[in-house]
Structure formats: structure tokens, C-alpha cells
Amino acid sequence: MGKECSEPVTQMHLKPKMTVGELVSAMGEAGAYNGGALSRAAGIYEAMLREKNTTKFFGLAGAMVPAGMGGVVSDLVEGGHIDVLVSTGANLTHDIIEAIGCRHFHGTAFCDDVELRHEEINRIYDVYLPNKAFEHFEEFMQNVFSELEPDSTISISDLLNHIGTRTKSGILHTAAIKKIPVYCPAVQDSMVGLQYWLFSQTNNVTVDAFADMPALMDRCFTAQKAGALLVGGGVPKNFILQSMLMTPNGFDYAVQLTGDRPDLGGLSGATLDEARSWGKITEEAQAVTVYGDATITLPLLVAAVLERMHHG
Amino acid sequence: MGKECSEPVTQMHLKPKMTVGELVSAMGEAGAYNGGALSRAAGIYEAMLREKNTTKFFGLAGAMVPAGMGGVVSDLVEGGHIDVLVSTGANLTHDIIEAIGCRHFHGTAFCDDVELRHEEINRIYDVYLPNKAFEHFEEFMQNVFSELEPDSTISISDLLNHIGTRTKSGILHTAAIKKIPVYCPAVQDSMVGLQYWLFSQTNNVTVDAFADMPALMDRCFTAQKAGALLVGGGVPKNFILQSMLMTPNGFDYAVQLTGDRPDLGGLSGATLDEARSWGKITEEAQAVTVYGDATITLPLLVAAVLERMHHG
Amino acid sequence: MGKECSEPVTQMHLKPKMTVGELVSAMGEAGAYNGGALSRAAGIYEAMLREKNTTKFFGLAGAMVPAGMGGVVSDLVEGGHIDVLVSTGANLTHDIIEAIGCRHFHGTAFCDDVELRHEEINRIYDVYLPNKAFEHFEEFMQNVFSELEPDSTISISDLLNHIGTRTKSGILHTAAIKKIPVYCPAVQDSMVGLQYWLFSQTNNVTVDAFADMPALMDRCFTAQKAGALLVGGGVPKNFILQSMLMTPNGFDYAVQLTGDRPDLGGLSGATLDEARSWGKITEEAQAVTVYGDATITLPLLVAAVLERMHHG
Amino acid sequence: MGKECSEPVTQMHLKPKMTVGELVSAMGEAGAYNGGALSRAAGIYEAMLREKNTTKFFGLAGAMVPAGMGGVVSDLVEGGHIDVLVSTGANLTHDIIEAIGCRHFHGTAFCDDVELRHEEINRIYDVYLPNKAFEHFEEFMQNVFSELEPDSTISISDLLNHIGTRTKSGILHTAAIKKIPVYCPAVQDSMVGLQYWLFSQTNNVTVDAFADMPALMDRCFTAQKAGALLVGGGVPKNFILQSMLMTPNGFDYAVQLTGDRPDLGGLSGATLDEARSWGKITEEAQAVTVYGDATITLPLLVAAVLERMHHG
């Protein structure tokens, strides 16, 4: 039966109090479907974090901060595990909301949305966010924007860095402290963007859509090795993967956690093998996709890798 | 903003060496999407296992044994956590294959299936099973079937119990030892069934399709409380849920782990709320669906609940 | 750029009053993702229906009859396009319900299922079925079962054929008229099965689970060519595909319409290429999967193929 | 059984040569799952197109142009059925590629991507695009960009309009002719963006990320009624829906065609009811989601509505 059949599936046996690292190892010994993929993802992500001279990209799409995943991301920034962060505007909006002391709440997806509307509660699947939070958000954002130098031109990452210096916790704050650039190509497409539009009606500061590209491209040209952890698809995934297209390089490590599917053709659900044809990831890149909800797969992956790193 | 917004989302912070139980608790504090649902599932499954006088059903669909999940199921049987097991024929086929010493192997889904065919390897997504296993399987099954009393009539669960007394490990074996009935309404639809057809060409033993119903229905009528853990949909899910339809009772606890989706209308992806309209589960039943791959969600759920039970 | 790039994507232009066949042809000229797959499916299904000496299997899973797809299936039987039908018990239950004059109704999936319970309405996603229908169903079924010869043994397909001779329309009725066997390996797993259990409490007729296998296997051994249209997965898909496993043959044509996904490992979402490794379909078989809701893809496929057949 | 059960499901009967409009009507009479939703979508989209004084938004995400759907979109622009178009950068990139005479090709998703890389073919699921196209694209884009006024500041929509005046067919061209604004908030995130970065290394033209907001917001404030057809999620969906948030208005009509799912929490898969809680769509808005591949659902929807409009 040949070498294809050398590594047997191990039937899984669970024990009380096993660690997350032990569980993910057991998934690797079982080795099938997305459990197997998650275990391989842990191996790749560990290698990527351990490899010196690897530039580590992180893509953040999906409504992850409202689901409590912001803490995982800011801890990764804090721990030096992210060099370049690319996010949707929505995640940054909710990061700021939490950072200024407002909260998201446990709700239910099976509800009457017109009633919620009347109670001034905005729904994100089963998370509720009171309108009140957006009032505080508006006050905070207008304040922060008012500090921008009149008649200047600013890049999106500088704008976000400026916000991060004014918050006291969260992703933008930690990134500002650690001097990690946060890119958000579609910043207009978020409450941050709407607040900026409001500000811009009476102020003249130009946000240059392309001002972040030179620094990012320099980084891609000079990276000895590159790795990416992609949570969800959307702009963050594509913006990270395309960044290598103009260089002779490609990503050497890539892990994506997505709930999408490839057969619809969209980039969000595209396999990482597809990215090989484009040269976005190298021919030899270690790459794996784990299909599923990132509120499950991201904590599993990160906790398992932290445990392995902790052992030295 | 009212009582809908009383329980805030907690941003998640992971620690090296945290236990699976701790991780699932953190998912509960974050509380959103399928991570939140998984945490609620752990609460419900724990309550269901702790509640005395609860009849505990387990539905096993999807290719779980080839993915190493058979060990989790047989341990649950061994631990007294399953009173009634309903399975697809395929899972039982692969359980027998492992029990007679054959193995499944780690493979890849990105391969040439015609080449695999030439190498006599059967593929189940990224799991490989050599044809050789089916040769051993045939020999074993024909042997076991030959022990059946000629000209008799037998129920499906008795047939499966008989197989379990001849294997030395696995789900059917453990169930036979623990005297747990295993129901498999569509046993014909599996390699067990094809082997039985082969046997029946020269032997006269009748498998009565409905012979299992009276004992099952009695159990449903007399159950003080009932709970179900449903892995995948298919026949096991429906057969378990419908079993309460003819009784004044319904399931009091229900957890389903599925990768399907509700909007296609099929029962496999149907919500448990839909089951309330039918009276399959009670109006007050604690019930939750976790969407995702059961090779991830089943071990997470079971390890977390074992940890909680272990603490007493 | 080689021969891989010889057939260009044609940008689609739609016209008022275009026929379904014209639309599916346009999807073929665009040729991508599931639209392209649907067009290829039409080509394969047309070839399969036109090819003389092809035994034509049809697998019916998912809640298709409550969604009005039963009419499409009974018309295919009527038109001589189905030689062997394999169905879930649920579809046959709902077929009988419609055939005895009860109806399913347009509802909504966004509702209070406890309220529906109080109003005695059973929900299937956004289809409603009043309990009343099950009262008529019970009366009808008990009547029909009472005509079975006492102390006899019967196969599942004979039981279903008997029901079909007593209904006046629908799938079972048309199949009975056209003498097309209907297989339902898991008949216990349905309201038909529950009614049979009720009947069997006071009557002694044995339903032999394996009695249908010899005729089916004979058919598979003698088929010159074989083709399958698989709507959904579950027992029908597996039972059809496995039927060729014991023969030297395999399916020459295969089309599956499914909303499932392959990466979860279950057979319902498995690709037809996976089936090649097992020899269920031949190495050269024309086969394609169209992912999506069969309430859209089945009518599109069948209407387009009927149009092509009509032209001669 | 009450008024909930007044509209019965009609079993579907197909006829050769039926028109797309007739098929979609039959789906409406069947009325279940996504087939039923598609029929309701046709009703809403027809009402939205017929209603005078309705501002008609169109969101274009997913790799639709490589799949031949660009023709459908440019025809809708041509026909006056789109007032505001929001697109991903990728769709516009591929629109330009087709407009300058390069082609996408039918390929397969089951291939060796490293081999494709060696043959200089880029893959988008089962669509192939030779690298050569990007060489022509680069030449064209650099030429077009070189015509921009030095040291000026430009909005994204003006940049795209400028491109559209230089192409001879396609979405951007038709939009330029018809003076329809095309918004692309994340233009950097595309090959258009990478080409612009290349241009900007030696030229000084500022693309103002927010310059499009005032005109868009004015439009939202003054719209008497508003409707949206959303193909896929991503930035286009959110950017369109959020545009009403700062106004007292909301969308009165909304149809989304998506392959995503709601339970992952991301906006791409979110229901339109969720949008009601935010006030993005009005409390009374006619809104429906059709789940499935837009290469199937978009042509079905548009062809059916064109047929209805054609009848007067």
C-alpha cells in the first residue's frame, strides 16, 4: 500500500484537565479534517513565531472584537508576535469602543430586530451593542481628530496610531506602544470612517489612501522570511497576500482560519494553494487552512502555540 | 438599555498551559458566535450527564471513526455517559475495521483519486484506507455472521451486539460489554450491510427492520428525563429526535455539533428550535447548536465536561 | 500560456424572456464556479438520459417534498428518466401527506417555535405543516398497513409499492404505476416508520431489512452503463454509490446537487472524485458536483435538460 | 391552524422551453428555502427598479468579473438600473483586464498550483488568468495614471472614472459614459492599487481616501427612497449599508445574494434583519437574503426581473 499509508490515525482518548496543547496534539494524532488541519496550523504558527528574521503579518477580518477576540490579538501584539497588523475598520471601531470603557453584551440571534431598534441596541449576531456606546465613541473620536494638524496630509496608519496613543488599552493602544503599524485600507468603511467624514466637514486634513504603501512595500522587499496568520478573509487577507506580489519574495508560512468555502470563487474562501499559483506564497511555503468559526479556532491555535513556546 | 445588556463580553486572554476546561470557560465569558455556543453546550451536556434519571442518547453521523473520534465515543460508553447509541453504518464499519487491527492513515485531500484507485487506497477526505482492510473485514464479518442461528429472525441491534461480542475493542465492543443498545436503522447502507447481503445469498437469517422499535419506544415512554448529544445529522439525529414524537415526553437537553446550515431546509442542519415546534424537544428544553467540524468541537466539548465532572 | 487557457470566459448578457436552457448555456459560456458546474451537470445529465442501456438512479435526500420538489421527481419518474429511486423516509412521508390531500404551507423561519407548538404547526425551515395532516396520515397509513397479509414477510420496496398503489398522485404513486422500485433503507427513521411501529404492535408482518438487496445487486451487476443524479447526501447518496462496490462496474455518469462541503469528511459533502478512489464511479466517469440549495439547482438543471431533450 | 397556514406549497412541474421568469415564478409557488427566497428577491428587486425616486445601490464583492458576471453588471448600469456602484478593487481590476482585450479562461480547481505557477497562470478557483494579462494591465494603467494632473489631489471615484473614460467596454467604461459613480473604498487592496503605488513612486498625485464621502452622504440625505442589491459581502455591503447610518433614512429595499452564513458573526453573512436593529434598513423595509453562489443566483434574479419589466 506504499508510503502514502505510513502514519496511522490514532483514536482519540481524552483526559480530565488536559491542557489545550495536549488536546491539539491529540487532534494531530487523530489527524483528520479540520481537527488535523488545526494541529498542522499550530506547527506552522509555532515555526513562524520561532523563526528569527521572519516578518509576521496578522490579518483581522470578521467581527472578532465584539466576540472578545480582541484580547487575543492585543496580547499577540504585546508579546511581539505581530509585526504588521491589517484590520477591517469594524474591528478597530469596536476596539476603540471597548478601550473607552463601553462594552459589548451577550445577546441572542433569535430576536425581534425591530424591537432591538426601539431599544436602541445594535446587533452583531448574538452580541448586543447599545447606541449609547456610539455617542461616547463620537465624542472621543471628534476629540482625537481635533488634535490633528490643520491642513496636513496623513496616512491611515498614522491616523490609527494617533488614536492608539489616546486610548488606554486594546489593539490600537498596544500597537501604538509597541510601534507596530496597523493598516486599514478601507478605513472609510467603518464607524471610524463615518466619524472622520463628520470631522472633515469642518476641518481640512487629507487622509492619503496610498501613503502607507511605500513603508509596507519596503518591508516586503527587505523581509528575509515572511509569515501570515489570517483570521477571516476580506481586505486584510488580500492586502497581506498581495503585498508580496510586487517583490521577488512570497510568504513562507501561512495559516488561515476561515468559515468560508472555496467553491464560490471569492478570495475570502480561496485555498492557500491558489495563492501559490499567483506567487503570493512561495512554492515551498508551509500553509494550511482551518475551516470553522475563529471564535473557536483562534483561541485553540494561540493557546496551543503559547504552551509550546513556553516550554522553550 | 435594559436587561438585554447585562452580561458583558469579556475580551479573551490566553495563558500557556491552560486546561481545555479553562479555555471553554473563557469562550463562555467572551460568549459570542460558535465559541459562546460551545461553552453553553458544555453547560448543558454537564447538566445532562449529572442529572440522575436522564436517559442519555448519542447520535453518531459523519465519518467520525476514520477521523479518530471513535475513541471519544467508546470512552463515553465506557464511562456510562451513553444509554442509547444511534449510528450510521459507516461509523460502525470503520469501528470494526479498527477493532480487527486494521488502520486508517493520514493522507491528503489534494491528490489524484485515479492514482489512489490504482494503489488500492480508498479516500475519506484526507484519510486513506487501503483495500486490504476490507479483505480482512470481509473474512471477519462472514465468520461472525456464520455464527448466527440458521432460519432465525434478528434485530439490527442484536446483530450489532453480536459483532461487538466478537471484537476486542472499539465502540461496538464496549457497547456489548456495557449492554448499551446500538441502533443503526440504515444498516444496509454500509459495508456491514454489503457483507450481510453477501452472507444472505447462501444463508437464511432475517434481519427485521422494525424489531428494535418496541424496546426503543418503551424506553422513550418510561424515560423520566431525556437528553441527546448529536454529532452530525442524518439518520441518527432524526431517529433520536423522532423517538419522542409518539410519547407525551420530549428531550429536556439537546446539543448538536454540525457543519450543516439551516437555510437548506434539511433536517441535518435544522435548528433545535425547529424541533420544539414538533415537540421533539420540550418547550423548556436546554438546547444549543454548535456549528463547525466535530473533529474540533466534539473533543473540546467532551474534554471540558470531563474536567468539570472530575472536579465533582 | 499553453492549452490550459484555450476556452475563454464569456461575460454574460441576459435578455428578457430567455429560456432556462438559454440561461444555463450562458452559465456554461461564463463557465466559472457553481454556475459553470451547473452547466456541466446539464451536459452530463442530458448524456445520461439520452444514452440507451443506462440504468438511471436518483437519490432524494433533504426535505425536498415539503419544498415542492416532489413534483419534479414524480415527473421524472413519469417521463421514464428514473429506473431506481432511493429516498429518505421523510420525503416519502411528505409525499404521502400531499397525495392524501393535505398541504404544506409557506411560513417563515424567523418565528417563535413554542408558539407554533401551541398552534399545532410543525416547522421545516420556512415551511409549515399542521398537526392535522399527521392525523389524516395516521388514519391512511393504518388502513393501508391493515391490508398487508398477516404473518408475512415483506421488503421495504414492496411495502412502499403497496402504499403507492393506494395513493392517487405523487412520487410513490407514479413509481407504483411505472413499476419503478423505491428503496428506503432507513424507513424506520420517518413518520412512515413510526406508523409502522404502531401497526406492528398489534399485527405480525415482518419487514425484512435486506430483502431489497438481491434485486438491486442484480441490477447493478447487469447494468451496461449506470448514471446517478444525487439530490443531497445522506443514505440515498451512499446507498446508490455503494451499490456498485461489489460489482466490477461503477457509475459512468454522476451529478450531485448538495449544500454540504467536503472538508468536514462526511460522505454527504464528499466530492465525486473521492468516489473514484473507491471505484464507486469509474475512472473515466463524467461527474460533477453543484454546491447550492437544490430548490434552485434541481429545477434549473431539470428544466434545461428537458428543453434540450425536447429539441431532439 | 390559523392564518399562518393560508398559502400552500405548490409541487413544481417543469416544462421544456419555460422562460427564466416562469421558472422563478414556479419557485415562488413552491416557496421554500432559497428557491422561495429567490422568488421573493425578484419581487423586491422589481419593485425597487420600478419605484420612481428610488436611489439604486449595487454592491459587487466576490470574484464576479472573472466568472463572467461583469456583463450582467455593466448591462444593469447601461439600463439605468444602478445609481451608485460600490465594488471591490479586484472586480475592477478584472473588468479593466477584459476591457483592454485580455481574457480569463476556463480551468479547473483540481490542479497543481505549483505547476500553474511555472506556466505563469494565476488561478481563481476554476478560472485561469495568464500573467501576460498583468503585463498589458501594467502598461495600460501606467499610461492612464500618467495623464493625471501632477501635484493634484483626486478622489477614488474620479480616479476610477478617469480609467473608465480610457477603456472601451466593461463596468468602469459604462459607468463613465452613464456618469454613475463607482466607489471602491479599499482601492489600494487590488492590482489597481499596486499599479498606483508603482506610479506614485515617481509621481505626486494624492488620492484622498475620504473625498468621495460628501457626495455619497449628500445622496443618502436627499434620497426619497433607497434600495440595494448586494452581491457578496465585504466592503461593498458594509459601505452601502452604513451610508444611511448618519441620515434619518434607511434602505427601503434590500436584496443580498451571498454564500456566507450568519452564525460566524461577520457582516458578510449577517442577515438583513440584523441591519434593521442598526437602522441601516428601515423597520418596514422589504428585504431578503438568498444563500448560494451568485454565479447562479444573480443571473436568475436579473433575467427574471428583466422579463417582468419587459412585459411592462
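Just so it is clear, A, B, C and D label the chains in written order, and each chain counts residues from 1 on its own.
The rule is short, and it goes like this: contacts are C-beta pairs under 8 Å (C-beta built on N, C-alpha and C of every residue); 3 or more make two chains touch, one makes a residue touch a chain.
As the structure is a computational prediction, the values presented were derived from the model and not from experiment.
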item: Comparison of A-C and A-D (more C-beta pairs in contact); value: A-D
item: Cα-superposition angle relating the copies subunit D and subunit C, to nearest 5°; value: 180
item: For subunit A paired with subunit B, centre-to-centre distance based on mean C-alpha positions, whole Å; value: 34
item: Whole-Å gap between the CA centroids of subunit A and subunit D; value: 25
item: CA centroid of subunit A to CA centroid of subunit C, Å; value: 42
item: In subunit D, residues with contacts to at least two other chains; value: 32-34, 66-67, 110, 116, 121, 124-127, 261, 263-265, 273, 291, 293, 295
item: Contact set on subunit B toward subunit D in their complex; value: 32-34, 37, 110, 261, 263-265, 291
item: Touch list for subunit A against partner subunit D, complex; value: 61-63, 66-67, 90, 109, 113-114, 116-117, 121-127, 153, 156, 185-191, 193-194, 196-198, 200-201, 206-210, 212-214, 217, 232, 234-235, 238-239, 242, 245-246, 259-270, 273-279, 283, 293-295
item: Subunit B - residues contacting subunit A, complex; value: 1-2, 4-21, 23, 26-27, 29-36, 38, 65-72, 74-75, 98, 103-107, 110, 116, 119-121, 124-128, 130, 132, 273, 291-293, 295-297, 299-300, 302-303, 306-307, 309-310
